[in-house]
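First chain A sits with chain B, and in the next complex the same chain sits with chain C.
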Partner chain A sequence: MRDLKHLIRMEDMLQQANNELVREAREEGRKAIGYTCYYMPEVLLDLPGCFSVRLRAPNCTTPTMATYYMSGRTCHYGRSLMERALEGGFNFLDAQMATETCTVTCRFQEHLQRMNIIQNPDFFVEFTDIPFKKTENSVEHYKKQLQAHVLDKLHEKFGIDTSDEALLKAIEQHNEVCRLITEIGNYRKLAVPTITGYEFSVIMLTSLTCPKDKILPMLRETAEELKTRQPDIKPGWKIKVAVAGAENDDPDFIKLIESCGALVVADRYCYGSLPGREEIVVNEGQPPLDAIARHYLNTSCCPRFMPQDLMRGRKKYLADVCREYNADGLIVESNKFCEYWSYERTIDALIIPRDYDIPTCSIEKEYINSASGQLRTRFQAFVESVELKKLHGQTAKKAD
Partner chain B sequence: MSKKTNLLKKAKKAVSVFWNGKPHEERRLGDLYLDKTGLYKHREWRGFKDTMYYFNMIWLYNYGNMVGDIVKYGGGLKALPLFLKGVWRYRWLGQTYLPVMHWYDRGLEGMRGQALRASAWHYRAMTSETIRQFMRMLAADQRLGGSKELYDRTPAHDETVWGGIFYPWRDRMDDVPLQMIPYFVTCHVNNHTVLNYIDAAQSIGLPGDPCPMCQAECGIFLQDDVPEYYPFVVTSNEACDGSVGTSVIQDWMMDRPLFAMPQPMQFDDPLVQEHCAKEIEECWKFIEEQSGMPMNMEELKKNLEEQNELQRFEWEKWEVAANTDYYPINGVAQALYRIYQSQDGNRKIWHETDKKVKKILEKCVEKKINSFPMTRHRVIAWSCAPLYYSHWCTWAYNCWGLNCIINMDSLMFNMTIRTDTYENMLKDMALYHEWAPMRRMAVGGMNHIFELWEYMEKFHCDMVMMYDQLQCKGMQGVHGLFEDEFRARDIHAIWMPHALPDKRTVSRSEIRGIINDYMTTIMHEKPLDPTLLEFDDSEGW
Partner chain C sequence: MKYFGGCDVGSTYTKAVILDENGKICADTTIKSKINSEESAKIAMKEVLDKVGLNSSEELAYLIGTGYGRNKVPFADENISEISCHAMGVHVTDPNVKAIIDIGGQDVKGISVDKDGTVKNFAMNDKCAAGTGRFYEAMARSFEMSLPEFSKLSLSAKNVIPITAQCTVFAESEVITLVGEGKPMNEIAAGIQMAVAKRCFVMAKKAGATDSITLTGGCAKNDGLKQAIEHVLKLKVIDLPTDPQLMGALGAAEFARQKGLAQA
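On to the complex of A and B.
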């Protein structure tokens, strides 16, 4: 397929958290607000006067200093963020909007709060408590928390306008990003997709880590470009897969899967777009914060939700995603030492093939995948098994 | 003349040994063990009075009561065949019940006088409460032909859900935690049993690194080893991510009405209290709907007030432990009794026990009886303890004179609950519940983890036994900060690595080795009883 015009620039921007667009925005006097989790609504951090940066630690392979503080038995992602912070890679941050949504990222953020790591005199860390359910009680609690710990803090510390008008403006910009990402992502649903999983992953990550207004022109152009993009005459993939699981901000991991013959057509993992790039709907008369709180709670498919219907509903959602995106199989991944996804992956690998007849490959990975040889073998075997299954299916149909 | 004097001396000593037992340094307790199992070749002679006390009031008394409790809590003599059926059906049951007296032996080894008595009463209470719980499970177990009526009146909950949530129904229903006996108690009494459950969890693809407690809890369900005694269940997110994950797997296995009652993580934030209180109210509504029984507010109030009495006595105990040398309860009895009682909630047996212990405590203070005279260091144990070696403190005192005065789990629920108004009561209940085991001072926010320094001072401790649960992400995630603080404050801290219930990761013997190394190389001290330095109890219960 023809190269996408902005892909190389976007790839460049993913090489470090403090990328050229972040620097540009800061030079304009805007405040950079870090966060790690979907539960911290990025739209609130994208109010006029500030912008959100979902933290990553690209190319961090040996978090040595962080291992002293957090031991070698915690998630590599949390440790890599800590390492990057200790190296000075997050000194551009003006604040960290923290959540205790998984233990190790919480610990990373607590270190930022307790130790003088970020060399920025104005820097502060603020924690928001996130509910485990989607009931009215949870929504009310979530709203209160967002108001007190995000909006009030941004106003108090940086003088950010947090009025309803400002929120509506931020929602409008956010929705445009979501519309464009969804439009771009929808090309993955085609019988022969005109965008690869790797390309989509780069675009999606850029939208999470750069100021929205600065990335929008590139997204618009990319969406336009894709309207006329033609697939390869002879596509290089053998099957299509959905990927679900824990934190993954490494496009090379998607590239690795695709190099084994499995085109990644859906991304249901932390830092992915499913869910994550749905538009926020504000009903008439509804306060925007209420709409935001409901949106983030209702769209999230995080394994942290405990009620029975949600635990079971997550499996159905995964199966629906596979069907909607015409995936032949599902790869469920978890990062080593990630407890939520260790359990979720285990149960997914049992339930999805049994109840929904979707072939499932369950793997454990690192934040940066230095063990790619082992993973390659697993993916190749999975691709072969799904291919065989498809062949058997075709033969059986012919015989009928 | 000198021969005569020698003979006289020997006779005097023999009489003294007969009456008082050997002095600490001459006991050679390690010589009593059989290799690998840690069983005794013969029992220790503790002196006439204490040996008789042990035989009558601990050994005979408890064996008798263990049978008596089955009959008492199982509804008469018919409970005996039911109990046998339970032993046959559920792996954890027989494996926990049969070696109980060895659990006493391990925990009370070397104890004398009032320490022996007070600590043993704590053990006795835990044994009785354990039997009460599993007999209720069996009597309501539909798999064993238990009563349907009892089944309908026995709700289940995660062991990290405080039993107090069910107080409004304690006059009509009896809540039984799902994992307290099959997992928690089992680990202490017989550390082999749980390994099977951990392996079961890993056999379905769960990696080996999540908290082994959560893995074991999963495994019990995967092995279908939980009695069918409950019509509905209340679960919790406490204490960590692994607990939430466990709930997911358990839900698929239990397949019955479930109310998730997660607690807010940022429990110091005043804004979270209202949310938590509402969750409790929603939970009560769920219980009413499922059981068809309305709440009894008087029953709730009565139980809370009685629980407050237990807390007030606990404070008295802390006062004596912190400020005198006369505290008669050893480290393991203190830790286990307190965590069991505070999580289980108000039960008659705790009051009966506290009454007996109070008498002993008052006697010790009044008569200035130092039950641990060989104390060289006053130790505070911090973080989550190795369940398979909770009696390390008994060994450490006997071998090195390390007296574990207090531990983190004991200090967790440091509050009474107001009952003057409904709002105050609910508010306090929410907070109590948020301070769940392993949460407040371990995987919870950083503020409370470092309360260690205040408690060290308060309890006049000069050493920290820093539990290092290798698979606890929350505690592993603050490892370096503790190291920094220990250095900056010049505190002697021994890191004790372990894997909660799983002895295969770090054995008891390795734990002893680490303490021995620290005591010899850093503290330059000599053991009180060198026979306890090294021995193999790898096959012990």
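On to the complex of A and C.
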């Protein structure tokens, strides 16, 4: 396929958290606000005068120093973030909007708060408590938390305008990003997709890690470009897969899967677009913060919610995603020591093939994938088994 | 007569098999792997080609590479993962086998096999040498024995001295301590076999293996391990009529035969 015009620049921007667009926005006097979890609504951090940066740990080789503080038996992602913080990789941050969600990222943010790691005198960390249920009480609690710990703090510390008008403006910009990402992602549903999983992953990640106003022109152009992009005459993939699971912000992980013959057509993982790139709907007369709280609480598929109906709903959602995106199989991954996804992955690997007849490959990985040889063998074997079964199925149908 | 080849470049041994059009094994070999995978493949392939009177891999109707160095097999038409190849190799050797525990030089895999020889499910150990061929090499070294000697040592044990460390390095230290304390060597060896068998148990269960299990890979020839696995799984492991270490190469050759004949 013809190269996407902005892909190389976008790849470059993922090489460090303090990328060229982040630097540009800070030079304009805007505040860089870090966060790690979907439950910290990025739209609140993208108010005029500040911008959101979802933290990744590019260039982290091994979290040796972080392991001293956080123990070796904790999630590699949280430790890698800590390592990059200790190395000075997040000194550009003006604030960290932390969430009490998964334990290790929470611990990482507590270290930021207590250890004076970030070399920025204005830097502060503020924690928001996230509910474990999706009831009306939970929405009220969530709203109060967001008001007190995000909006009020941004206003108090940086003088950010947090009025309803400013929120509506931020929602408008956020929704445009969501529309474009969804439009770009929909090309993955085609019989022969005109975008690879790797390319989409790079685009999606830049939308999380760069100031929205600065990445929007590139997203618009990419969406336009894709309208006329033609697929390769002889595509290199053998099967299509959906990837689900825990935190994954590594496009090379997607590239590794694709190099084994499985085109990644859907991304239901933390830092993926499903769910996460749905537009926020503000009904007539509804306060924007109420719409935001409901949106983030209700769209999430995070395994931290334990009610049976939500757990079953998550499996159905995965099966629906596989069907909608014409995936032949599902790869479900989790990072080692991930507290929520370790259970969810195990259950998914049992339920999805049994109840939905979708071949499933279960992978426990590290944040930094040094063992690519072993992963390659697993993915290749999975692709071969799905491909052979497809071929045998077609042969049997012909024989009937 | 057309010939079809499979070359399994493992981390410790490289194996090659040549089949004829009817699926009969015409030649096979097992050599110690070199540091360079391509060189290992060349040597192994030359040996089997010589046996059937061919001059080069190019004269084979189809050649498939598998194993850790599968991308490095010269003149290979394609490569297939060792998981699929072991399943196919075992299937053509004994179609009654439903599950495999493959213990190679650097990893342990549990594979459940479908009726058509394809992989139903599989599980693989993490990036760790515990319970693999490398682990046994280290243990045999601690006992100052050859691998074949060590593999039979536990068979005479009346008791099992449990080994707590799973890590190759720590297990070696633990074994040296136990030997130093004067504990019976065969009972320590039985503890080692039991520790590895338990790891195999996990892999087999993860892959969904319930019965009709066989062992493949170099460690399949380890009698003490086989006995321990039968003990933990509470079933009799199926013995294959062909060298279990050749299953990956045989499966690759069988895939090559099917693909080569389909192309013709």
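Just so we're on the same page, the second predicted complex is superposed on the first by the 400 of 400 C-alpha atoms of A that agree within 3 Å, B and C clash if a C-alpha of one lies under 4 Å from a C-alpha of the other, contacts with A are read in each partner's own complex, and residues count from 1 in each chain.
Following the convention adopted for this analysis, contacts are C-beta pairs under 8 Å (C-beta built on N, C-alpha and C of every residue); 3 or more make two chains touch, one makes a residue touch a chain.
The structure presented is a predicted model; accordingly, all values stated were derived computationally and were not measured.
Overlay on chain A: chain B and chain C fit together in the combined arrangement.
Here the vertex is the CA centre of chain A, and the angle it makes with the centres of chain B and chain C is 70 degrees, a multiple of 10.
With both structures placed on the common chain, the touch criterion links A:R323 to neither chain B nor chain C. Judged by the touch definition given at the top, the superposed model places A:L388 against chain C, while chain B stays out of reach.
By the document's definition of touching, both partners, chain B and chain C, reach A:E364.
Looking at the shared chain after the overlay, A:C102 reaches chain B, while chain C stays out of its contact range. Legend: residue contacts after superposition of the two complexes on their common chain; A:R220 is shown touching neither chain B nor chain C. Put chain B and chain C next to each other and count what each touches on chain A; the higher total goes to B.
Applying the stated contact rule after C-alpha superposition, one finds that A:Q374 touches chain C and leaves chain B untouched. Of the two partner chains, neither chain B nor chain C is touched by A:R2. Closest C-alpha contact of chain B with chain C, superposed model: 5 Å. In the superposition on chain A, the residues of chain A touched by chain B in one structure and by chain C in the other are 364.
The residues of chain C lying in touch with chain A in their complex are 68, 80-84, 107, 114, 116, 118-120, 122, 124, 126-127. Residues 364, 370-371, 373-374, 377-378, 380-381, 384-385, 388-389, 392 of chain A are the ones that touch chain C when the two sit in their complex.
Residues of chain B touching chain A in their complex: 204-207, 209-211, 214, 218, 235, 237, 240-242, 244-249, 251-252, 257-258, 260, 262, 264-266, 269, 271-272, 274-275, 278-279, 282, 443, 445-446, 470-471, 473-474, 476-481, 483. Interface residues of chain A, counted against chain B in their complex, comprise 68-71, 73-75, 78, 100, 102-104, 106-108, 110-111, 113-115, 127-133, 135, 137-138, 140-141, 144-145, 148, 303-304, 306-308, 311-312, 334, 336-337, 339-340, 342-347, 349-351, 362, 364.
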